[in-house]
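Below is one structure, written out as structure tokens; the observations come after it.
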Amino acid sequence: MKKINVAIIGASGYTGLELMKILINHPHFEITYIATTEGGIKASALHPSLVKVFEQEVHKADAKEVAKHAELAFLALPHKAAMGFAKELLALQVKVVDLSADYRLGLEAYEKHYCEHEDKENLELAVYGLPEINKSNIQKASLVANPGCYPTASILGILPFLPYLKKDAPIFIDAKSGVSGAGKKPTLTSHFVTINENIFAYNPLKHRHEPEIAEKLRLVSGHDYEVNFVPHLLPVSRGMLISAYLQTKELINAKEILTQFYQDARFVRVREVPVDIKSTAGTNFCDIFVSQKGNSIFVSSSIDNLLRGASSQAVVNANLMCGFDEAAGIPIIAYVP
Amino acid sequence: MKKINVAIIGASGYTGLELMKILINHPHFEITYIATTEGGIKASALHPSLVKVFEQEVHKADAKEVAKHAELAFLALPHKAAMGFAKELLALQVKVVDLSADYRLGLEAYEKHYCEHEDKENLELAVYGLPEINKSNIQKASLVANPGCYPTASILGILPFLPYLKKDAPIFIDAKSGVSGAGKKPTLTSHFVTINENIFAYNPLKHRHEPEIAEKLRLVSGHDYEVNFVPHLLPVSRGMLISAYLQTKELINAKEILTQFYQDARFVRVREVPVDIKSTAGTNFCDIFVSQKGNSIFVSSSIDNLLRGASSQAVVNANLMCGFDEAAGIPIIAYVP
Amino acid sequence: MKKINVAIIGASGYTGLELMKILINHPHFEITYIATTEGGIKASALHPSLVKVFEQEVHKADAKEVAKHAELAFLALPHKAAMGFAKELLALQVKVVDLSADYRLGLEAYEKHYCEHEDKENLELAVYGLPEINKSNIQKASLVANPGCYPTASILGILPFLPYLKKDAPIFIDAKSGVSGAGKKPTLTSHFVTINENIFAYNPLKHRHEPEIAEKLRLVSGHDYEVNFVPHLLPVSRGMLISAYLQTKELINAKEILTQFYQDARFVRVREVPVDIKSTAGTNFCDIFVSQKGNSIFVSSSIDNLLRGASSQAVVNANLMCGFDEAAGIPIIAYVP
Amino acid sequence: MKKINVAIIGASGYTGLELMKILINHPHFEITYIATTEGGIKASALHPSLVKVFEQEVHKADAKEVAKHAELAFLALPHKAAMGFAKELLALQVKVVDLSADYRLGLEAYEKHYCEHEDKENLELAVYGLPEINKSNIQKASLVANPGCYPTASILGILPFLPYLKKDAPIFIDAKSGVSGAGKKPTLTSHFVTINENIFAYNPLKHRHEPEIAEKLRLVSGHDYEVNFVPHLLPVSRGMLISAYLQTKELINAKEILTQFYQDARFVRVREVPVDIKSTAGTNFCDIFVSQKGNSIFVSSSIDNLLRGASSQAVVNANLMCGFDEAAGIPIIAYVP
């Protein structure tokens, strides 16, 4: 079978690296173009672990060059930078999986929480790339907005229980993320001494993933739940754990509902014991556990923030957009022990 | 001033070590008796960091010997073992600060969650040793039940908001603890490879500190709140962070309420930014931060699980029981960086 | 191409897991038999990260059953247990890659440092499975002794410089290993609190890998160098760094010698900057850096202790024994970031 | 007894914080002046863990102001900045303990490895502040050069064996340090993701502490040993382990020599088992272990890089300079567990 040529724009960060790691051995995709803002370097100079593994040239990002070399592009760029690029690529008939926040939200919510939107036209056509809720739309899409890491794990955990939730009860989400989620840039927050032997919340009740979670839950359920989201930084490099606290209208069998909901899911595993983040690190799995006490429900879901929360989910989306099996080339073997 | 002689029963574990570390330099207490189940060893052999620092003989625990040498005893023993010992000591007129769970709960709750109680008489006289709610009772007590680590941080965080809470809304507590809280015994759970680069919940909605929290909140507020408590194990040695999610009846100014509530507290610090666990590690402080979105409240409180959550709080209680300043000899300088 | 059936004996530990992780997707091997001492469990129950990935039955180890199902067996057993099993398997015409120490040393050295040898016959036929020094012998072997983790990294680092070393100067090797090297069994040493924020040497100058390194260096160089080996435990789960300190007879160009020596090596990378353990974690690579000051040489080599130090090297050996490309199915993409 | 007023210049970094933590409770010193380059802030704003503990104003550093308020100043400044300040202070009759490298080396060595020296006059008068080799000189000094962290642990480990070393054999020192040694500034090297689950050498055979070690060993022994020094960065916040590899002229009893050498030392502990860094973290102790195989010696020494390697040693020096007991106010209780 002929391979489809793909481009990675934004190769210097962690998600760019993860995209390369997956696509190097993908059965149907061929990396034909890689770019960063500056270019003029080899992939293995950006990421020394790639020496003797993957040594392609990295170019200065240029949409026309992308269009010459690739049918689909992954954008691993900061928000705002991404939409400028996506607009150009789509005009040149290149399919786009955008890992930034630029096409995840409705216009109003986006402009409230991020900045002015400069590609309103495509925003309306963009498909939110969470396969568990949007598979058929993704298959037809030219532009997929890859979900945020926190929303991915939160929505997958809460989804099965939406029909049973008390409408006027707030949803509380206590999230814990590894530091790679904060990116590669050295700051006082990412300093080893700050993070090591420590944990703290950041942006409590005002993180920009909160409206993303709320919007998607509303779209699925038709009800506007109050979502209260508090992320914490963990002293680990990768991995994300979501603890969601829900209240149901009446007594349900949470375990059974969860199990049935995901019985055919390729990338969700329902667990009998509380999930950990090591069992999903290195994979596209979302592991979910549920426990209840009367009408109070505790859902714990775990993903690799860089994979299911970014790069491997992006490749699943690309698989679907190109008519491949969603699982083609997707990592499922965890980085344990 | 003449020093008061004290005993430490249960010197081999982490809380026993912390008791020694505090009492070695205490201005009013003198360690005159230390014991473990076996005895026949030096303190510095149990804890090699004490070589050239504190080299007292450790005895085989014997209540009569304690009574000969000390006026007050700290029991750092497992539950069940503690009550047998406490009963004997109290009969011999030795004051007791018990770090176990044996005297923390009402009889019914204790027997439901732990085991049959073998010292019901003293259980009725025991005072729950959280100075912020029980100071004057502690001053008069012969037997103080030192609170659990999770209850200490949870109650201190929730306390100021009790008058404002919606009565029928559950309280959700998402707790994160360092591994020292699980004790020194090697198990698969405490294995480095299990904990490192990982996080997971344990005993969700059924940890034995849940009824302790619920009971104390009920005693203070007169209302029986539904408490949902989920602890997680962190890849850190010491420290504990509590994230409590509350709902108020009406809009309050949470920040102001918190600040006023603790304005005179010696060992509670209200923070402007989310608290971390490093700033309290090594101290008896409980740091608290609050944030709100309408009627939804997020409280974050941090303690050192071995100190404010066990040994330094025990010494504060002993200070009060003996008529000393509660802060005498209590550590307040954190283990940063 | 028809696949070759292989067995894994000793599936419950870390190296057993790593063998499965590699062989699940191997192009030429098929796992047809897995066993532990007890059996009667699924692979995914032993290692929960394998749920939905690899769910084969695990049997109670039995040599005759192995011979029925497989042409080659990997033994991931403790020393002593391994030789009993290997002996039986070889008699049944099953090829063996033994990950234990049982066939690594000459008889005398083995019995001095381990225990009495119970399979002296096969010991004489065993080939030491370090492909960089023994490739053609491995290709003809029925029994390969997979090298120890410390010897692998040490020998690969020192090998290029052997012709230049001062004969009467000791070789000093300061080694640092992740905790997974000590196995899965919970002990006080592997307790999180013991290892975290800590480092210490263990078995200094008397670790059993010291004679292994010395013997192999003697076999290659013809000279009996004094090897002084000191391992340390690091607060990391996987990875191993070797710092070797050498003295040369005369001034050499160490960098050039190293680069030339490994110019055609598939699994050795010569680095311009000091190597780290993250760039080799998850791979079969050995990364090496050298620096010198006059006749004093510092060599730094890095491997994944569970892969190049055990399981992936074992599969390279199996590849060679079966006439495949040595790199077939061997992991080369690191677990970064 | 009247307290002596002291100043801390350079309060924003880790060593400045450690100085405050020690001096807050010192029996004979009173902190009367604290400064940073900018000033205009409270100590507890620089270091939030000091809230409710120590809230003094921090000034913009000014030598004349120091002279008005203090008899002795601790300089916790970068090299070069320190000598400008020290010169002024000494002219104003203020005693100085300088934690930088500015007065540690002879002129030639300093200018070779650092920069031009701008206070050659005082350089000649400066005393190297390692109490174990220089106690009586420190007692008479006005300017003490506080040793580097690596030299402190290295010299203390090697010192007892100097008379027995082979003159023409190089000394190899493999050092491992926590990240706090690299300071508070965020860089790619100090990023959590770079350090966590990792270890690597840096500046091998060319770190600026190498000439410091060599010079001091020469001054003590009268012989110019070749010192080969390779530091590594550990995934821990604080602590330092030195592994020194030595060769003796003839067979010695290393253990006995070490034990006798330090039998009266207040701050050195000879250990029966390999030292770890946790047992010295938080203290001024240097723990030392020795092992030997014939004429090859392995010495392992452990210190807290911020305390014995900087701030607590600085206060010991100040104690000696002011005629106090060297141990007054010096921390000896470790941050375990």
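Per-chain residue numbering starts at 1, and chain names A, B, C and D are given in the order in which the chains are listed.
Methods note: a contact is a pair of C-beta atoms (placed from the backbone, for glycine too) under 8 Å apart; a residue touches a chain by one contact, two chains touch by 3 or more.
Because the structure is predicted, anything quoted here is derived from the model rather than measured.
Peer 1: Return the chain whose centre of C-alpha atoms lies at maximal distance from the corresponding centre of subunit A.
Peer 2: With centres defined by C-alpha atoms, farthest from subunit A sits D.
Peer 1: Between A-B, A-C or C-D, which shows the same interface as B-D, counting it as a repeat when over half of the contact pairs match?
Peer 2: A-C
Peer 1: So what's the Cα centroid distance for subunit C and subunit D, whole Å?
Peer 2: Computed from C-alpha means, the inter-chain centre distance equals 40 Å.
Peer 1: Between subunit A and subunit D, tell me the centre distance in angstrom, where each centre is the average of that chain's C-alpha atoms.
Peer 2: 47
Peer 1: What's the distance between the Cα centroids of subunit A and subunit C, rounded to whole Å?
Peer 2: From the centre of subunit A to the centre of subunit C is 37 Å.
Peer 1: Two-or-more-chain contact residues of subunit B, please, as numbers and ranges.
Peer 2: Residue numbers touching two or more other chains: 14, 180, 184, 193, 196-197, 235-238, 278, 337.
Peer 1: Select the category (line, ring, star, complete, other) that matches the graph of chains linked by touching.
Peer 2: Complete.
Peer 1: Which stretch or stretches of subunit A touch subunit B in the complex?
Peer 2: Per the stated touch rule, the residues are 169-170, 172, 174, 176, 193, 197-202, 204-206, 226, 228, 230, 232, 234-239, 241, 243, 245, 247, 274-278, 281, 289, 291-294, 296, 298, 300, 337.
Peer 1: Looking at the complex, which residues from subunit B come into contact with subunit C?
Peer 2: It is residues 14, 179-180, 184, 186-188, 190-197, 235-237 of subunit B that touch subunit C.
Peer 1: Note which residues of subunit C are touching subunit A in the complex, please.
Peer 2: Residues 14, 17, 21, 24-25, 47-49, 51-53, 180, 184, 196-197, 237-238, 269, 271, 278-280, 282, 285, 306, 332-337 of subunit C touch subunit A in their complex.
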